[in-house]
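The data blocks that follow each hold one structure.
Both complexes below contain chain A, partnered by chain B and then by chain C.
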Partner chain A sequence: MDRAAKIRIEHLFFHYGRRQVLDDVCAEIPSNAITAIVGPSGQGKSTLLTCLNRLCDAVADARVSGRILMRFEDRWQDILAPGVPLHWLRRQVGMVFQAPNPLPMSIFKNVAFALKLTGQHRRPDVNDRVTRALERAFLWNEVRDRLHHDARTLSGGQQQRLCIARALILEPEILLLDEPTSSLDSQASEVIESLLLALRERCTLVMVSHYQDQVRRVADCVLPLSSGKIQLLATG
Partner chain B sequence: MKQPPLDAVVRLASWGSTLLLLSLVATVIGFLAFKGAGSFSLELVFGDTPPLEALLLRRPVFGGLLPAIVGTVSLVVLAISLAVPLGLAAGIYMAEYGRGRIQQALGLFFDILAGVPSIVVGLFGFSVAVFLHRHFGGRIYPCLLISALSLAFLVLPYLIRTTQNALEALPEAVRLTAPALGATRLQNIRFVLLPRALPGILSGVILAIGRCAEDTAVIMLTGVVASAGLPRSLFSAYEALPFYIYYISSQYRDPAELATGYAAALILLAICAMLFAAAALIRQRLGARSHQRL
Partner chain C sequence: MDGERLAQKAFLLAAVLSASVTVLLLAFMVILGLPLFQGGLVFRILTAPWLPGRQLFGIWPMIVGTLAIAALALAVAFPLSLGVSSLIAVVAPGRIARLVKSAVAFMTGIPTVVYGFVGVFLLVPLVRETFARGSGLCVLTAGLVLGILVAPTMILFFSDALARVPRSDRIAAEALGATPAQVLIYVLIPGAWRGIVTGLVLAAGRAVGDTLLALMLAGNAAQVPGGVLDSARTLTAHIALVIASDFDSLEFKTLFACGILLYAFTAAATLAVRRLAGKEGPAR
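Right, the complex of A and B next:
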């Protein structure tokens, strides 16, 4: 497996108002691997994740400093640099949230939503890509007959895989997952875990996880975060 | 399991208050129906004119309520269509773009505006009419358009605040869904936030419709008259139901005439109900559309 670095975090500080959340975080995240950010609650794991697609910019009173370098087409780019177009960045760095958040529309339209945002409307292309994204998210066989049903009628695990499909349709090089199985039962979690292992071939995955067992099962690399600092660099 | 005493009290009080309100509404409507039902007839609406001729605008209606009904409906539709785009835009600004001191100051300003008594808004509209009359060669008088503008001004703060609150109440998870997929701020507002906030916004519009339909103080000063026939243009005086009710109740000559006032009140309630139903229908349609088309 190619373990060249995909993301390099250098001296990252994050303040939320007066509270310091991340304190001089330095880390390297290998490409085509699953990196798990672990640690106790409230230590900045999710914050670190949202720095990687700069969704943290949406938070009022947030201040970020340091560098986050990402390798796109063999060129390193500092995504915290001013002038980086956020919509471009977020198309390269997809994100899946803790609780499944399908939009109130059909399954098909949920997955096609990101294409709509980029202005791609050609029907055959859209159909193809929706099918492919659903296949990659292990969901196609379960929903192929009801693509035009409301996405909210799916089960929790299916909704979460739908959200993964929605994030995959733009073929991001990096996929961020914020405790993707914490709202699911063990069976649904298992499916998601095997899905993550399969995605690693074409994607760099960074996930926050609370479950030690899960980390042991799927993570190639672990970043333990405590009090806003990386404790040690361990590779699995 | 036995309920704690406080729970039982709160429950009883909520039930009691609901029942009290319901019975009050029923009493008001029942009273109006009891007093006004007797004078309901085609003649009440169309006067001496044959209904078909009146509806086809072949002959004017005198002594009937048709001009007042048409006047009220056109006033409400006009005022709402002037106020909604403005209120929506300002509400979106307040919720999504405004930050810090400016947003706070504007919020305070809109709250003050919401507290301005309608008679003051009416006086303002009247002054505008006088000003325009002086500066445009005496051709502009208090009229339908000035009334509609004043009413729009009256309901604007409600629309702004309900739009803002509906948008701000959306959970963070909804708010971040589209940006995480690379949506720009405008795309997020258009495709996700507004459709999700629509029910809240529509309830603001329904409140505004009610306010426009019932207000008498503003229109009294800005163009309504006791007898004008059907409104001919935006720049003509017009009749309206609330003013008719006020006029009849203060100047009736016999009990039969007073009864027409009650009947007019019933008609006003029915018009409001229809406008509310239309707004609810639009809400449903838009909701269904955002679900299907996106």
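Right, the complex of A and C next:
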């Protein structure tokens, strides 16, 4: 079990001001699998997800305690430890949000954005990697002729796949998805679901989902969260 | 119902009155300055030096002086304002940002003469001693203090524009591993550039239109300044100085050229801001 685990959450507590959101969460997330965090809304699912890339740090009055260990190159690292560089962490742990959030720039620039952040400017490399990321996100064929159009002209489903491509370009080992299909119609959701299944080979996916049938279709492992605690259940 | 109609009429009257004042101002200046436009005199006035002893009443030195002092003020204020507004938006949001912002808002309310006074007693001697040249009343001194004067306008515009950049854009960049500086450079400033340009244009209008600081700090020599340590006179200071000494001479009439120039500059700045604001939208 230990070899297959990618993330180990140990005694994680999370408070917004006086409100306790996560209460002693302990869990293991297997590598190269899709783990779904499920449960009633407002019970800390998204908060748990944002702890995994420490986007929760940006929230005022947030307090986190406990350990979140992640395995990178066979070394376990506590990402909540002080001194972990956030930009490094977020390059290993990509994230896709509930509503597609393309930046106000072209399709190409959106996908290449993370390369710009890491200082990779060599044009042929950038082109190559953008193409590959778009292919991995099942979007290349739809946008190859209009890479320099504004990303916001794409449909909702395309925008969400663009956001996935943008997250994939740095080849993160872990990809977090916060209800990635909740703003999409069923057809667009289906495309995303098959995309997630394909990504599993090279990536550990952690997803928040509201849809029972979606969880049944794609998840290898389920973490039921309610009242800020993991309720132990058989995996699906 | 009747009261409502009455109020409506009163408001309409107020609006028409204030709008017509702007138009009438221009008409007044053009009519009174009309003799200047006859016989190409206006061209000579715009380009000649100011030598009343030789009957030369050109305002060219004042145009250069105005531009030099305003440009220096903007060059000082722009980086300062961008830095302060970035601090408010990115580096220290929360209590420190609120404190800085209210201090900046307070600065906009301080009378200009106070800035001038502080400049005369603190900066003028400092400039004089540091450069060991002239009286300390020069383009540099006036530009520096004017920069401090116009900075709050810019800071408030810039920080509002930065705050209006959608939070989702910021989070998207953060989730990709952008450092706070990268969020600022690649997301916030590009997203806020319209507000930044608007603030810059308005501050330029304020810098050109300010009278008192230049009058108190620039030395008022009616000459084209050769460098930042030279004394200079702005158009506004020129109007204030000449109006106090003369009436109904050619010398006096040239003031209308100054007035029309200032009016044209302000109008151009306002139109530029309007166009920018009108373009506000999703395109980029």
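By definition in this document, the second predicted complex is superposed on the first by the 232 of 236 C-alpha atoms of A that agree within 3 Å, B and C clash if a C-alpha of one lies under 4 Å from a C-alpha of the other, contacts with A are read in each partner's own complex, and residues count from 1 in each chain.
Assume contacts are C-beta pairs under 8 Å (C-beta built on N, C-alpha and C of every residue); 3 or more make two chains touch, one makes a residue touch a chain.
Keep in mind that this is a model prediction, so the values were computed, not measured.
Q: Using the superposition on chain A, decide if chain B and chain C clash or fit.
A: clash
Q: Of the partners chain B and chain C, which touch A:94 in the superposed model: first, second, both, neither?
A: Touch partners of A:94: chain B and chain C.
Q: Is A:4 in contact with chain B, with chain C, with both, or with neither (first, second, both, neither)?
A: Neither partner.
Q: Does chain B (first) or chain C (second) touch A:81, or do both, or does neither?
A: neither
Q: What is the shared patch of chain A, the residues that chain B and chain C both contact?
A: 53, 55, 58, 60, 86-88, 90-91, 94-95, 97, 99, 101, 103-105, 113-114, 116-118, 150, 166-167, 170
Q: Touching residues of chain A toward chain B in the complex: what are they?
A: 53, 55, 58, 60, 86-88, 90-91, 94-95, 97, 99, 101, 103-106, 109, 113-114, 116-118, 150, 166-167, 170
Q: Give the list of chain A residues in touch with chain C in this complex.
A: Answer in residue numbers: 53, 55, 58, 60, 86-91, 94-95, 97, 99, 101-105, 113-114, 116-118, 150, 152, 163, 166-167, 170.
Q: Could you list, by residue number, the parts of chain B that touch chain A in their complex?
A: By the definition above, chain B touches chain A via 99, 173-184, 187, 191-192, 195-196, 290-292, 294.
Q: Would you pull the chain C residues touching chain A in the complex into a rising list?
A: My answer: residues 94, 168-169, 171-179, 182, 186-187, 190-191, 282-284.
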